[in-house]
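Below is one structure, written out as structure tokens; comments come after it.
All chains are identified by letter, namely A, B, C, D and E, in their written order; residue positions are counted from 1 within each chain.
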Amino acid sequence: MFYHRLEKLFATTVRACTVVAVFILALVIFLIFRESLAIFQEVSVKDFLFGAEWRPVSHHPRIGLRPILAATLALPLVALVLALPMAVGAALFFAYLCPGPLRRPLRSLIDIMAGIPSVIYGMLGLVYLIPLMENLFSMSSGDSLLAGGVLLAIMVLPFMISVMAESMEAAGSQYLEVSKTLGVSHLYMLRELILPLSLKGMIAGAVLGTSRAMGETMAVMMVVGNSPLMPDSLLGRVKPIPSLIALEMGSAPLGSQHYHAIFGAGFVLLMLLLGINLLFYWLRRQIESRGEVS
Amino acid sequence: ACGNGGGSGDTAAEDQNFDGELLFTGSSTLAPTISQIADEFQNEFGTWDQVDDSLPAETIQISVSTGGSGAGAKAVLDGTANIGMLARHAREEEREALEEYQEAIIGMDALLMAVNQNNPLGQNRSEITAEEVQNIFSGEWTHWNQVDENLPEEEIVLLVRDVGGGAHGVFQNAMMGEVDVTETAIEVPSMTGLVDRLMNNPLAMGYASFGVAEMHQDDLVAFVLDGVEPSLENILDGTYPVARPLVLVWNGELNPAEAAFMEYIKSEKGIQILDEMGFVPVQ
Amino acid sequence: MTQAIAIKNWHVHYGKTEVLKDISLEIPEKKITALIGSSGCGKTTLLKSINRLTEEEPTATTRGEIQLKGTSIQSLPLEILRRRIGLVFQTPTPFPFSIKKNMEYGIRYHEKLTAKEEVMLIEEKLKMAGLYEEVKDRMNLSAVRLSGGQQQRLCIARSLTLNPDVLLLDEPCSSLDPKSTAVIEETLRQLAKEVSIVIVTHNMAQAKRIADYTAFISNGVLVEVQETEALFQEPKQEETRCYLEGLIG
Amino acid sequence: MKEGVKKHWKDYVLQSWIYASLLVVMAAAAFIFGSIFIRGFSAIDMEFLTASPQGRPLGSEGGIFPAMMGSLALGLISTSLATILGLSVAVYLFLYNQSGKIDAFVRLIVQCIAGIPSIILGLFGYTFFVVLLGFGHSLLAGGLTLSIMIFPVIVINTEKALREMVAHQIMASHALGVSKSYSFFKLVWPARKKDILSGILLGTVYAMGATAPIILTAAVVSASVPNSLFRPVMALPYHLYFMAAERISMENAFGTALVLLSMFFIAYGISFYLFQDRKEEEK
Amino acid sequence: MTQAIAIKNWHVHYGKTEVLKDISLEIPEKKITALIGSSGCGKTTLLKSINRLTEEEPTATTRGEIQLKGTSIQSLPLEILRRRIGLVFQTPTPFPFSIKKNMEYGIRYHEKLTAKEEVMLIEEKLKMAGLYEEVKDRMNLSAVRLSGGQQQRLCIARSLTLNPDVLLLDEPCSSLDPKSTAVIEETLRQLAKEVSIVIVTHNMAQAKRIADYTAFISNGVLVEVQETEALFQEPKQEETRCYLEGLIG
């Protein structure tokens, strides 16, 4: 009998693939770490992370990630500040105010927006956003932290909306009917019941959005100017880790100091994002366990 | 074509190993030219046996990629490309890293100190000194009025190639010496991109490849540097200080297909395209 | 006997299936009326009809008339109607806030009270629902930490904060232990002095214990309604008898 | 007052906030889709869809056919690999695993892989597939790298589809004493295949839109239609990046963007249709 | 009286909560045994234990022994065990395929029959479940389009295709109308001539009507088991009496 015999093979395949999947993560972390190890033999971890200058191929090479790291953190922060209020507002609409027939088309639209490849966003940024910045702020060149932040905000917005709307629905839908029996208006319910209930969902959306923004490469690279400066002004130019890798990796000779330094930067980024994801995982567990109590 | 040293008995075995696809990687300055030549080559012959009847009847396929001169050297080193394109001399380390380093210089290029045609400085004068260039690119001077009191107090927007670009090293060595280029400069990942930004920003200054600048003569002002005009002759005889070679590098012997195409690059046709693209061919 | 609510030839369809068929029923004032019937016969739907929650169901369509003290419920603004008719669901549905906030939720929307008046109102209603003594010292406790029975009484108290004329309860004790059930039954008996109550129950014994009148619904049709005693002793309809003897459902 | 609705000032604030947000989102959507459609449409003609990039600089004329094929090939390879891996993990969690701890652990890992930024995957793909395993800059290396990127998406989407499977039906199947593979192939797959497939399709377009992972592993500026796993390929997103960042031709960049976006719409259309179909069935 | 199943000191934990505590119970052969008890007391868990479906629940751990005709169920291969012990769930669980495919599902895995034998087997089992007449002309109809009662009978028939020795039913009639219920009850009475049946029910009347023996479970503990008549007339335990009088649950 075919299926009796298949069972063993199927079960083994399924198990083996799961093990492989688990090992992929380990392999990624290990390899990136291994390739970056050499740089820490030349530069101390502290100097690497907090050194003030990134000049890997100068006559006097200096490998300091401080301005790069600061930009890596500043960009998603700017994006978050811009996107969060709008994401919450729009998510409320999609979860509780959207008229029935519009619901699915609009939600699909948001999903599609969340899936647009980032080069397309980058191209639009290059063509429309940068000249706009130049005109608005009379900048001599529109490439800037702000341009990157705005573009990232637009990119993560649909993603955050979709995460938040889902969690808002999950958090509030069981109380809708009860609230109605108390004769209160829809808006009253939204602000007194749904908003407080969605708090953790909103945090989750914000965290996930931030982590996306932090790892984003192509779009950001096309609008931030890529000068390794401290992000001390919104209109200043910056160079975050993903841009650094994309720009410099191509030319860093295999095994050179520059090459290892790039992997070092990549490892820092990887750790940052894994950290954020663990945080998110913990947060979601909190939310779920709260769900059980009620 | 390649030497027909092998007996005809080996042809079958050769056919098996024959590799009719080539990948060039490296200089963004050189890439458009090589792909142009490759395009002509493919159109003219189609299959390898048309080039040389000792080669099998496989379709000619030549891919060209960019990433800067550094990427070219690296790709040959890690074996991901057949031939690397460099818009500078290969560095000592790069030569040493390759066991059997081989190169061919196919042309010359220069870096012009250029500004937008509406740039205040460009409209005032046509000359610049090496010292001024150094002051500007090191970040000593940040506004145009520091270059010349009569100019408006507006920011100088510096455009440079990223560290992977051949131009980066050439400019550093020829103009800056030990002084670093300021961090406030905008890094553009290709020469065409750099020139494009130059054409669109009246406050910008940058170093433009002679070849690329040629194509946009009307939109740019290229300065005479320390009294030397960036002309064909001055570049060829080395009087213009920021000149650079266009180099193809590879490791070991060329295979038959590589050799056949290399021949074509050096042929009349190749030279003509190089010339059309604004570079100075060398034999 | 005055009526709190009069239902006249009431029909409800979900999509194409008719779940309530030509129901006509009068709910007497300040009495407890029990609705019994097998699962899926339409009891919940009838309760929802009375405070127009059926309107929130996308597929539901209704026909007929329901009056609250002589006024058609259609003509009343929704908020006023739902203020006057409270509804408590089968599963306790406290909001996941503190006890205090649960109680304030409805009040703050409908009324402008001083802090003191509010505290007093909340206290009064918790007492009416028989919950006050148990929670008075921990009003800031999250309501979801209360026991099931306490949660259900909190929901009743929350409904009472709006001073409704009618209170509808949908199997309020089905998920509770016997002790909580007894407390809630006592609470309802007390409340019936001031409020008209309709209670859906699947527990015959409970209907016998607390209801003044009992209505039996089968398959969307109102089979009969009588004083509770009479209905259980001598049902007029054969169908009711079968149901009570456990032959159906 | 209409319907007795009392509006607090906070209600006005909330309402304006919500609708302002909605307006911004809709305006952004309209702008993005509008500009790409309008500008992209004028760039697209038969030649654009069927020819190779031409002109000087390369890509300023001609079409994007090899890039379309390259992207399809990358999508196909990455999807097949990721599907085997992703489906296995989802099925393992759903049918086989009986430990809550393992479940949580595997989910955490998948979540973490989903969180690895694509550029880091590119770095990984370069060191592992390109250099260590010696696949070179190639379709295979790019496909493998992309498959790691989309595999968590497939796990998550498949999981979602499986979770909609009524738990009781699975139990009923177990109760009939059949093996788990039988339950999967005879019950779960027939019942949920449309959802699973639409989840996979979304993974495919995600792979086809990614740039960062393929820069270092697979993509080149110019190559023929892919014909070998060990050759580099052109890809739509990278071509788009090249056109836009190097300012070769904004018109063609928009055209490429529209083609890329159309693939998205087609995929979403198919999955929308599959979804619709299922809803009908359930009635 | 021979036993089909013997349960000895059986414990089940979900995570840390013990939901079945030291259950010892014997299921007589070719009789109907009813399990009664309030919601959440562990009836379903007991049924699942018998054909080792508890093993599919990630958090469940078990202790004790269960024997099928004298052999420990642990020692039997899972497939054989589940073939010999059928289980029908509370909510009807037809697979979303045609009636025919639903019936073939189990057969095709366990046996190699010719097309003709298969058709005959399916016919026979549909007849045993009292469904044949209603569906014989539309075997290709999707099973989800059947009525609830028909679906439930289909599930019974599907279990019967494997010729089980024991049939476990978890509140099979709880979501059905009285007529379907009557049909299923009749079906079960017929089946009991050949198969040992365990049925969970929350309907006392149903237990009275069809069960030979009745076991009462409360909070995970087996309170008592007797012949049905005896249990309802004179329960030995006070707790059982309370439950039967409707004081609990």
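In the analysis below, a contact is a pair of C-beta atoms (placed from the backbone, for glycine too) under 8 Å apart; a residue touches a chain by one contact, two chains touch by 3 or more.
Values in this document were obtained by computation on a predicted structure and should not be read as measured data.
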From chain B, what is the lowest number of touch steps before chain C is reached? 2
What chain pair shows the greatest number of contacts? A-D
Approximate Å spacing (C-alpha centroids) for the pair chain C, chain E: 36
Geometric centre distance via CA averages, chain D-chain C, whole Å: 50
Which chain D residues reach two or more other chains? 5-6, 131, 178-179, 182, 245
Which residue numbers or ranges of chain C touch two or more of the other chains? 78-80, 109
Touching two or more other chains - residue numbers and ranges from chain B: 78, 189
Considering only the defined contacts, which chain A positions touch chain D in the complex? 3-4, 6-7, 10-11, 13-18, 20-22, 24-25, 27-28, 31-32, 35, 85-90, 92-93, 97, 108-113, 115-124, 126-128, 154, 157-158, 161, 185, 187-188, 190-191, 211, 214-218, 222, 242, 245-246, 249-250, 254, 262-263, 266, 269-270, 273-274, 276-278, 280-281
Chain B partner contacts - residues on chain A that touch it in the complex: 53, 55-60, 67, 140-141, 143, 225-229, 237, 239, 247-248, 250-254, 256, 258
Could you list, by residue number, the parts of chain D that touch chain B in their complex? 54, 56-58, 130-131, 134, 136-137, 219-224, 227-228, 231-232, 242, 245-248
Given the complex with chain E, which residues does chain D contribute to the contact? 97-100, 103, 166, 168-169, 171-179, 182, 186-187, 190-191, 281-282
Quick one: which bits of chain A touch chain C in the complex? Just the residue numbers, please. 100, 174-175, 177-185, 188, 192-193, 196-197, 290, 293-294
